[in-house]
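In structure tokens below, several structures.
Paired with chain B in one complex and with chain C in the other, chain A is shared by the two complexes that follow.
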Partner chain A sequence: MPGAEFGAEVRSHDSTGVIDLRGEINLGADQALLAAYERAAQDDPRTVVLNFASVDYINSTGIALIVGLLARARKEHRTVRAFGLSEHYRQIFAITRLSDFMGIYADEDSAVTATVST
Partner chain B sequence: MTTIPSNLRRVLRREPRVRPSTEPVAAPPERVEAPPVEIAPNDPLVAYFSGATGAVDIGALQLDSPALEGLREAGIKLVVPLVSQGELIGLLNLGPRRSEQEYSADDRKLLNDLAGHAAPAVRVAQLVREQEAEVRQRERIEQELRVAQLIQQQFLPEELPDLAGWQFAAFYGPAREVGGDFYDFIKLPEGQIGIVVGDVTDKGVPAALVMATTHSVLRAEAPRLVAPSEVLTRVNNLLVDEMPAHMFVTCLYAVLNPETGQLRYANAGHNVPYVSTEGGVTELRATGMPLGLLPEMEYEEKEATLAPGDTVLLHSDGLAEAHNTSREMFGFPRVAALTGEASDGEVLIDRLLKELQDFVGPELEQEDDITLVTLGRRAAGGGPAAPEAPGPAGAERQLASFEVASEPGNERLAIDQVAEAVDGLGLDGPRLERLKTAVGEATMNAIEHGNGNRPELPVGVSVVADDTDVKVRITDQGGERALPEVETPDLEAKLAGLQTPRGWGLFLIQNMVDALETAVDEQHHTIELVMHLKEAPDARS
Partner chain C sequence: MSTEDPVAAEEAAPAASRDAAYWAKNVTTLKLGEVPAEAVNLNVTGRRVVGPVQGFGKMWQKTMRVELRGADVSPAEVIKLWKAEFQRFWPERNWFYAPLEGIAPGEVALLNLGLPGRMKLSTGVLVLYADDESFTLMTPEGHMLAGWITFSAETSGGVTVVQIQALERTNDPLYELGYVFGGNRLNSRFWVQTAENLARHLGVEPQVESQVVCVDRRRQWRKAGNISKNAAVRTFVWTLGTPVRWLRRPFTRRRAGQP
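Take a look at the complex of A and B:
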């Protein structure tokens, strides 16, 4: 099966939980994405930032996983922001209206700075 | 006028007139804080204390003063005014002496000396406290501004509509104290598009929150109702109960049929749009009350047909009502005149902003948000007027034909092979990416829903092209099953946990390609994805 396997690393940047995503976000990413979110939420940050810079494919199931993550974050009163999306996936986030609920930023500093100022 | 800071009006301490008989002799003297005495700034006592040279015996004073009565009722016997640099800044109030003797001349001298030393220190403390309060207030305002800006940014569209034969342009310039301007483009059934420009009264976070609510309600209702008058009526009824007092929203809502150039519109008290036509500048007038003021309002709906070369300008107050240093207004006639001079929407926006800058000058801060949205129908020769206009028919040529096994993940194989097959057709990057996503989703559907994830059942993929289009046909063994109607997923419901987060596939496919067809026979189900090889030049974003 082609494509890079999904992976996610969690780190902190100015009290914000940053999840570095890589590979493909599809059905196979389910557990790893959930685990990454839970690690990021351990310190109870107000905001979780998703880094899509190393993601090369997101299918509709991946969109559903992101919707699920966003739903959980909202339930926990956490803001989710994103950066590193290609133009194509920015368009998909706009079409699906994910970008109505998740701030999309050009880079990590913008995403985190915006987070700090809220 | 001399005023007494309220914090010092309350600094009153006195000792009890009578020690309770049950109190142990060895116990430390009890200190009781007297009730606060409010002294109005215009009370004659203030003027008296301001001019006093030392401790004042309250009992001997003869003044028609409510504050004096208050001091007496509080048990105050002696007041020492605290004066710093000629300004009365507080009072040192004393009850009766514990010995029940009168205050002596020595007592008064000691108190006057104490007041003379204490007053400057108290004044410094007051100034520090005032400064700290100002800093906190400034920080709070700055924080609110940042929050308002963030809210605002979240709801502005990131992209402009991309329709062959049409050019869209938009500009949003927030004032420092962010207002409640917004604009939006909403995809509607049958290829129509909703165009919104609105302005919430008030500024800052309250305006941004009302803007966000209005935006969401419009987004939810527009695709369902479509007709501008019905949409505004519905939105008004939903907003009226939620709207904070003294706030309302002006809003222009128009629906464009890109194939015919028909523009239907209704106006809830917003600025009248201007249209640049071959015969001059016209206005799109329709009457209606702003949103959120009164329930059950009706909105007039009008219609115009945009001819090739026509450009519509939708604009918020921040432009026409901007003032220069002489307090002259930029004015609506000037906006209308400039609309008639521009060759297209982008040029028009640039020109309006340049003229505004020249008019206002570099000194003045922008008073209000400025929102400008244009839609223009390209003149003949500038691109096809209708997005679905067929090109010259040419013979289809097969570019690829292959099968993939029905195993999850194999859609990537299909994507890669289709991408390879269309290489050389001249599809630009964004269109190629969209086609790849559509192929992936359609193949996933075929694997999962058509072939039930049974690896022995292949999914067939065929890629053909003619002079204008590339078509990818994806076939599964699912037989006669109708393509479900494509619905826009309800993201709010999904985020609220009321619906499954899934269900995006067909919606994505439809939004990625220029056309979508299905064909079925007893055994097979084929979905055909059509992508035009060329697209009209993008409007700027």
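Take a look at the complex of A and C:
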């Protein structure tokens, strides 16, 4: 069964860039994910938050895209946080050890207001 | 809403992700199954896996692509072959001891890699992800590289195209030094040769496109302590001890009650 095509909307929440992700994060998401990050970084926020609540498929290439985004954000001295991850994706983030470098939060408010840099 | 209503209960339960079957589950440390007697089994069991964010050196993305033009083979058939005969396509002097269950999510394989100067490195990999058209291997602590490598195939313009893509950084300063002085080039060559060997096996004279991009130029000095688990050093020390182990073998056997 083909999954939902990847999409990303960008908005601001208390001077934090929030990217609402949806659909499949795979090789095809490359350009759209990068474009969304660039839009979110336009106002030079210190933190970018990724919302995974509407993501229903991530393959290993998709995880590599997220690592690439993380590397870029670190180069620009920006923190990346995430919320809306299902238990399954929390496990994947733990196994791949992405969660060592990206704070995982239960909801958007916690992700935006967290003061500890992760 | 009644919780005894099966439809309602199903709606209330979180749906399993479509990708759940393809990912390794509940991995904290690696555990290796049986390995052939001739293999050097070091630096795998008990090790944690490390992604590209945990390593020391610069982060690289390496992509090797080869078109299988003229070969009547689908992406799924290529990946099935690759999983079944992964070792066959590696350059000489390198051994991939596949797990008994084959390349499947959560399985662990032992690697014996040939290093310059006839040295050997014993390490392993975790099968992090595997579906019909791709699979990903992730390295453990002590491996030369922290990261993962994805082997995939797709149809592009009516032709099956094979891709190897690694996202990696060296694990510690010693490996990084080796990487700067030729290791990076040798590593890229390793995967180009692998793609060439696969293409030739399928009857295609290969033309591999190779792209190497530095994703993060910074070295993570706080990870310099990874050197304590350096698998090359540990394998070297183990090799130095081989004569002593060989001399002690009759006594060890006697204690174990063997002839």
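Note that the second predicted complex is superposed on the first by the 113 of 118 C-alpha atoms of A that agree within 3 Å, B and C clash if a C-alpha of one lies under 4 Å from a C-alpha of the other, contacts with A are read in each partner's own complex, and residues count from 1 in each chain.
To be clear about the criterion, a residue touches a chain if its C-beta (ideal position, glycine included) is under 8 Å from a C-beta of that chain, and two chains touch if they have at least 3 such contacts.
Computed from a predicted structure; not experimentally measured.
J.: Taking chain A as the common reference for superposition, should the pair chain B and chain C be classed as clashing or as fitting?
T.: Clash - chain B and chain C, as placed by superposing on chain A, overlap.
J.: Touching A:G28, do we find chain B (first), chain C (second), both, or neither?
T.: first
J.: After the superposition on A, what does A:D56 contact: first (chain B), second (chain C), both or neither?
T.: second
J.: In the three-chain superposition, say which chain, chain B or chain C, touches more residues of chain A.
T.: B
J.: Applying the touch criterion given at the start, work out whether A:E87 contacts chain B, chain C, both or neither, answering first, second, both or neither.
T.: Both chain B and chain C are touched by A:E87.
J.: Quick check for you: in the superposed arrangement, does A:K75 touch first (chain B), second (chain C), both or neither?
T.: both
J.: Once the structures are superposed on A, label A:R97 by its partner contacts, choosing first (chain B), second (chain C), both or neither.
T.: The answer is both, since A:R97 touches chain B and chain C.
J.: Does the superposition put A:A114 against chain B (first), chain C (second), both, or neither?
T.: A:A114 contacts chain B only, not chain C.
J.: Looking at 116-124, 350-358 or 494-502, which bit of chain B clashes with chain C?
T.: It is 494-502; the other listed stretches have no clashes.
J.: Overlap the chain B and chain C contact sets on chain A and report the shared residues.
T.: 1, 3, 57, 59-61, 63-64, 67-68, 70-71, 74-75, 86-88, 91-92, 95-98, 100-101
J.: What residues on chain C touch chain A, complex-wise?
T.: Interface residues on chain C, with respect to chain A: 14, 16-20, 22-27, 49-54, 59, 61, 128-129, 131, 134, 136, 138, 148, 150, 152, 165, 167, 215-216, 218.
J.: With touch defined as at the start, can you tell me which chain A residues reach chain C in the complex?
T.: 1, 3, 56-61, 63-64, 67-68, 70-71, 74-75, 86-89, 91-92, 95-98, 100-101
J.: Show me the residue ranges of chain A that touch chain B in the complex, using the header's touch definition.
T.: Spelled out, the residues of chain A in touch with chain B are 1-3, 24, 26-28, 57, 59-61, 63-65, 67-68, 70-71, 74-75, 86-88, 90-92, 94-101, 103-104, 114, 117-118.
J.: Would you pull the chain B residues touching chain A in the complex into a rising list?
T.: The contact residues of chain B facing chain A are 143, 146-147, 150, 153-155, 157-159, 219, 407-413, 416, 430, 433-434, 437, 440-441, 444, 489, 491, 494-497, 500-505, 507-508, 511.
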